[in-house]
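Next come two complexes, and both contain chain A; in the first it sits with chain B, in the second with chain C.
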Partner chain A sequence: MNKIRNILEDFDCEYIENYKRVWLKTKLSSKDDLLNVAQKLKIEGLSSLSTVSPTDFLEENIMEINYFFEDLDTKRNLWLKVDLPRDEKLCEIESLTPLFPSANWHEREAFSMFGVRFLNHPDLRDIIKSKDFEGVYPFRLDFDWETHEKDIVNNMNKIVSSFKKEQEENEVDLDTDSSETILNWGPTHPASGPIRLRVHCDGEDIINIDPDIGYVWRALEHLVTKKDFIGAIVSVERLCFMDNINSMVGYAMAVEEIAGVEITPFAKWMRVLLGEVARISSHFMGLGGFFNNMGLHTLAMWNMDTREFFLDFLESYSGARIATASVEPGGVRYGLDMTMFDELQKALDKFDTTIDEVEAIFVNNPTMKLRANNVGVLSADEIYKYGLSGIVARASGVKTDIRIDEPYAAYDELDLKYITQENGSAKDRFVMIFEELKHSVDIIKQAKAHIQKAVDNKEMDPTKDHLVKVPKKLPKGEAISRVEWARGEVLMHLVTQEKATSPYRLKMRAPSFNHTMMLNHLLKGQTLSDIPLIFGSLYVCQGDLDR
Partner chain B sequence: MSDIFFSAFIFPGLLYALVWTVGLYWFFRKFMAALHKRVGPSFNGIAGSYQTLFDLSKLLTKESITPVGVNPYLFSMMPLLALIFAILPSAFIPWMDGFVVIDTKFGLLALVVLIGIEPFLLFLTGFGSNNKYSFLGGIRILTQSISMETTFLLAALSPAVLFSTMHLGTIVEQSSWLSLLILFPGFILYFISLLGLLEQPPFNIPDAEQEIVNGFYTEYSGTNYFLLQVAKFAEFMAIFAGASTLFLGAYKGLFFDSYFFFFTKMLLIAIVMMTIRAATPRITLKQMLIFSWKYMVPLALLNLAWVFFAKSIWFMGL
Partner chain C sequence: MILLDILKRTLRVAKAFAIKSPATKDIRFEAMHNPSRYRGEHKINYETCIGCDSCNKICPTGAITMKKLPFKKQNIVPEVNLSVCVFCGLCEDVCPTKPEKSIVLSGGRYDMLTGGWHKDQQDFWENVDIPQSYIDARLEKEEAARVKKELLAKKKAAELEANKEVTQ
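And then the complex of A and B:
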């Protein structure tokens, strides 16, 4: 930490302060220093750039850009801010993509949503937003959504015709003498989900891939600013339906930090318990999806069978199976009826009786190993370079897990360990999900036993302790929180204004964004058969890809 | 005259083959559901057995879309041709002693040719679809059938060599426990190459749903798709019957000969095929080619040598 502080002291900073246990927070006075600072930080070991998040301050007429640098090895992180003028013509800054390839899509996103131009960016095109957004920046505060909607209706014909034109001209630029073609892999494809990959291929061989995302863009980061702090959880949990609880935990932690509220131990333990149940339900889908992509649906069906029992527990707790909305700022939404634990026990029993079969037939499947052992290999260096996290990072042997690195909820009281694989191939990522699944069940057992014991000893009151009051109006402030989501690191950056009743800005950094960025890198030179396999092994969810 | 009509269209001809096909379709669904731990519809008929008929009739009557820019005759003719060629092999199968539609000296040859021609028809469906995915599927099916047919032919030769005849009835008649043992390696090779010819897992590369959107099926819908599906299952049935005839002694059984044994043998092959299907992911085209030319073809040649060897011992009376 001190080394980073020394580096920063060489430059003109408005302040340098410690933030939480593993963060340093600073603000550069001049945007010209950014490149030099970044260079030195990279040499120091902060080699991953988690995200780039602009905040639009309309009244002060500035665009504040937040950079989050991370060192996955020594767990030192830096939150770096820099101010830009808000005016569209002057709103430009040096791109960090040449130094930190992980910034690539994040800078493109900042460009399409806020109109921040990044100089020397290799590929500064619009991302996520569709063509009818041309020329405007939807997340700027002076963007008029009502006019925009009218524009869409009025220009419907133009939008349709430009879409058709694009379809026609899809292959016009190609050399007519070559056998190169463009395959649209998605958005309506059996294995793609709502994402489109423009696959340039020569017969079965892939030349390169250009992912086109944004088919499920719901502008969640904008939606939350229209809701109050509790209503916003509904938007936050829709980051991805498969693991919705952990994203709510992240948001709730950020709100609690600004409000200065400490939640009860019971609520903390419940967050662990619910979070792990959601993680398990997500991992079941991920495991099944991996095999689905190789044309084998048996594992997905078997997993569904077991997953239903875990969803039964969520239903008995919150009334909903998937979108539970059960974590809110101040704790968890509902008290716990101790008989609900019977439901959970049923799920755990079912898991214990079926998991060995799954391991024998699918995890040790020789044909799967034949196909997945040597494809999609990511080295540890690439993990740092491209800012990958979660399953994907750990499969390459990088020890990173927010639950251990920066414990939240009650994770610091649990017995946790880093689970890693070595080679970083598609198979390792699959085995990784499987091992994590078992680990999560272990955590649930620990949490369940702890809650049960504490309730028996009257240390916790499951009907009253679940929620502490969080004021409706929050002071001016900002906070970041990180959670280990099923797919990797989710970073929430929350900004509030004085006497705020709704978030001013919420940036959700979602892991699938980085993972999808890797597709071209991994698939170039492979064959068509490897697309679904590698895509499935990256464990991408289109919900948090587009937000 | 009426005898010929009866045997061609009723038993053991067309109607019989279609009943088998639908029955196999139902059996595949039910068995697969059990392996998948799925619960299917259970209220239409006994144990939901009508559901298959409903689904098939729904598919038959749905709108069949012919895409713009394809040759409509080629596009719509191919599924029909595929169905006809898929049903034809069963005409050469001796279902019971004497119950065979076309009794010819070259039964085995007809069987091999008619089974082997099917992939080329499917290639033409992909070729005629004017769709990139279908075309890729067509190319894949061509690559795969050429690789797999070599083994298929060499393996199918082994009973002919052993019994010195291509007449299927004679092959069944002469089969015994000993011949079953001698032909067993041949049967394994025949079965594996069949998986390849029928595009069954792990060789379902040409119609890989997740890679090339079902390949040559992509543009087919409604009636045409129905015909292709029925053709697939008719082909299954013919092939199961062919395999049990060539290698497993068809209707010959323990203690007495009966159609029941034929039935059981065919279902057993179906069960093995489905179990593989439920537990094995797809391999890539490259791996299939390596597997086929590096391992299967040499093994098939070795197998032929083994059959020659066994036959010479047989003749020496050992």
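And then the complex of A and C:
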């Protein structure tokens, strides 16, 4: 930490302060220093750039860019801010993509949503937003959504013709004598989900892949600012339905930090318990999805069977199976009826009786091992370079897990361990999800036993302790929170204004965004048949890809 | 010979009737898992609703509209557009009436939108139908209260004046 501080002190910073245990927060006075600072930070070991998050301050006429640097090895992190003029012509800054390849899509997103231009970016195109947004920046505060909706209707023909033009260009640019062609993989491919990969291929060899994302863009980061602090959980949980609880936990922690509220131990333990149940339900889908993409649907069906029991518990607790909306700032939304633990026990029993069979048939499957062992290999260096996290990072042997690195909720009181694989191939990522699944069940058992014991000893009151009051109006402030999500690291950056009743800005850094960025890197030079396999092994969810 | 064959086959098929089916519930009419907290169709109690508008304010999707009632106080009551509602249950959380909430999703119907069993497939609104008799009764009560208040005011004024006269 001191080394980073020393580096920063050489430059002109407005302030350098410690933030939480593993963060350093600073603001550069001049944007010209950015590249030099970044270079030195990279040499120091902060080799991953988690995300780039602009905040639009309309009144001050400032566009503030937040950079989040991470060191996955020594767990030192840096939160760096730079001010830019808000004016569209002057709003430009050096790109960090040549130094940190992980910034690539994040900078493109900042460009498409806020109109921040990144100089020397290799490929500064619009991402996520669709063609009808060309030239306008939807997340700028002076953007008029109502006029835009009318414009879409009026300019429909223009929008359609630009798509047709793209199709024609596809044909013109190609060498007609060869067998080169451009294929669309998705959005209606059985394995794709709502994403389209423009696959430039020669025969079945892939030359280049350009993922076209944004099919399920709901502008969640914008929607959140239109709701109050409690209503916002409905938007936040729609980051991805599969593991909705942990995203709400991240958001709630950020709000609690600004409000200065400490939640009860019972709520902390419930967050662990519910979070792990959601993680399990996500991992079951991930495991099934991997085999689905290889053409075998049995595992997905078996997993669904067991997953139902966990969803039953969620339904009993919160009243909904998937969109639970059960974590809110101040704790968890509902009290616990201790009979619900019987239902959870049923799910755990079902898990214990079926998991060995799954392991024997699918995880140790010789055909799967042959097919997936040397495909889509990510080395540890690439993990650092591209800022990957979660399952994908740990499958390559990188020891990173927010639950241990920066414990939140009650994770610091639990017995946790890093689970890693070695080679980082598609097979390792699949085995990784399976091992994580078993680990999560272990955590649930620990949390359940702890809550049961505390309730028996009358240390916790499950019907009353679940919520503490969070004031409706929050002071001016900002906070970041990180959670280990089913797919990787989710970083929430929340900004509030004075006497705020709703968030001013919420940036959600989603892991699938980084993982999808890897597709071109992994698939270049491979064959078409590898696309579903590698795509499936990256454990991508389009919900948090587009947000 | 053929007859015997047919008999054998019939017997073989007929065995199926003796085995109890693993599916015992018709899930169209009865849920497999139906907890008491299940968030389904709203139940709105217009008699206890105080018309505070908090459910409308918190609704994250804007599914609630407040219906105007011809009263002076407590003159709005929520109506829910079920095709916009995401069933998050926040309206129930904020409802301030005690001991029972005036808008309740918990324990609501689960078969709402599965098709064929809803009252009217075209109508995805949770409307509040208030009988005319209730409206009349409320209006009458309000009128009575108004008259009573007026009388009281008059009486007070008269008393005041009487007091004044006495002091003079």
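The working rule: the second predicted complex is superposed on the first by the 545 of 547 C-alpha atoms of A that agree within 3 Å, B and C clash if a C-alpha of one lies under 4 Å from a C-alpha of the other, contacts with A are read in each partner's own complex, and residues count from 1 in each chain.
Everything that follows uses one rule, which is that a contact is a pair of C-beta atoms (placed from the backbone, for glycine too) under 8 Å apart; a residue touches a chain by one contact, two chains touch by 3 or more.
Only a predicted model underlies this, so the values are computations on that prediction, with no experimental measurement involved.
Asks: Should A:D442 be classified as contacting the first partner (chain B), the second (chain C), both, or neither?
Replies: Neither partner.
Asks: Quick check for you: in the superposed arrangement, does A:E88 touch first (chain B), second (chain C), both or neither?
Replies: In the superposed model, A:E88 contacts neither chain B nor chain C.
Asks: Should A:I531 be classified as contacting the first partner (chain B), the second (chain C), both, or neither?
Replies: Once the two structures are laid over each other on A, A:I531 reaches chain B alone.
Asks: Kindly classify A:D33 by the partners it touches after superposition: chain B alone (first), chain C alone (second), both, or neither?
Replies: Neither: A:D33 stays clear of chain B and chain C.
Asks: Of the partners chain B and chain C, which touch A:T181 in the superposed model: first, second, both, neither?
Replies: First partner only.
Asks: One more residue to check, A:Y334. First (chain B), second (chain C), both or neither?
Replies: second
Asks: One more residue to check, A:W302. First (chain B), second (chain C), both or neither?
Replies: first
Asks: Quick check for you: in the superposed arrangement, does A:E257 touch first (chain B), second (chain C), both or neither?
Replies: neither
Asks: Give every residue of chain A touching chain C within the complex, in rising order.
Replies: Checking each residue of chain A against chain C gives 227-228, 230-235, 312, 315-320, 323, 325, 333-334.
Asks: Can you check the complex and tell me which residues of chain C touch chain A?
Replies: 33, 35, 37-39, 57-61, 86-90, 93, 105-106
Asks: State the interface residues of chain A toward chain B in the complex, per the touch definition above.
Replies: Touch residues, chain A against chain B: 181, 183, 189-191, 203-204, 291-298, 301-302, 305, 361, 365, 367-368, 370-371, 527-532.
Asks: Once bound in the complex, which stretches of chain B touch chain A?
Replies: 35-38, 132-133, 136, 139, 201-202, 204-205, 208-214, 278-287
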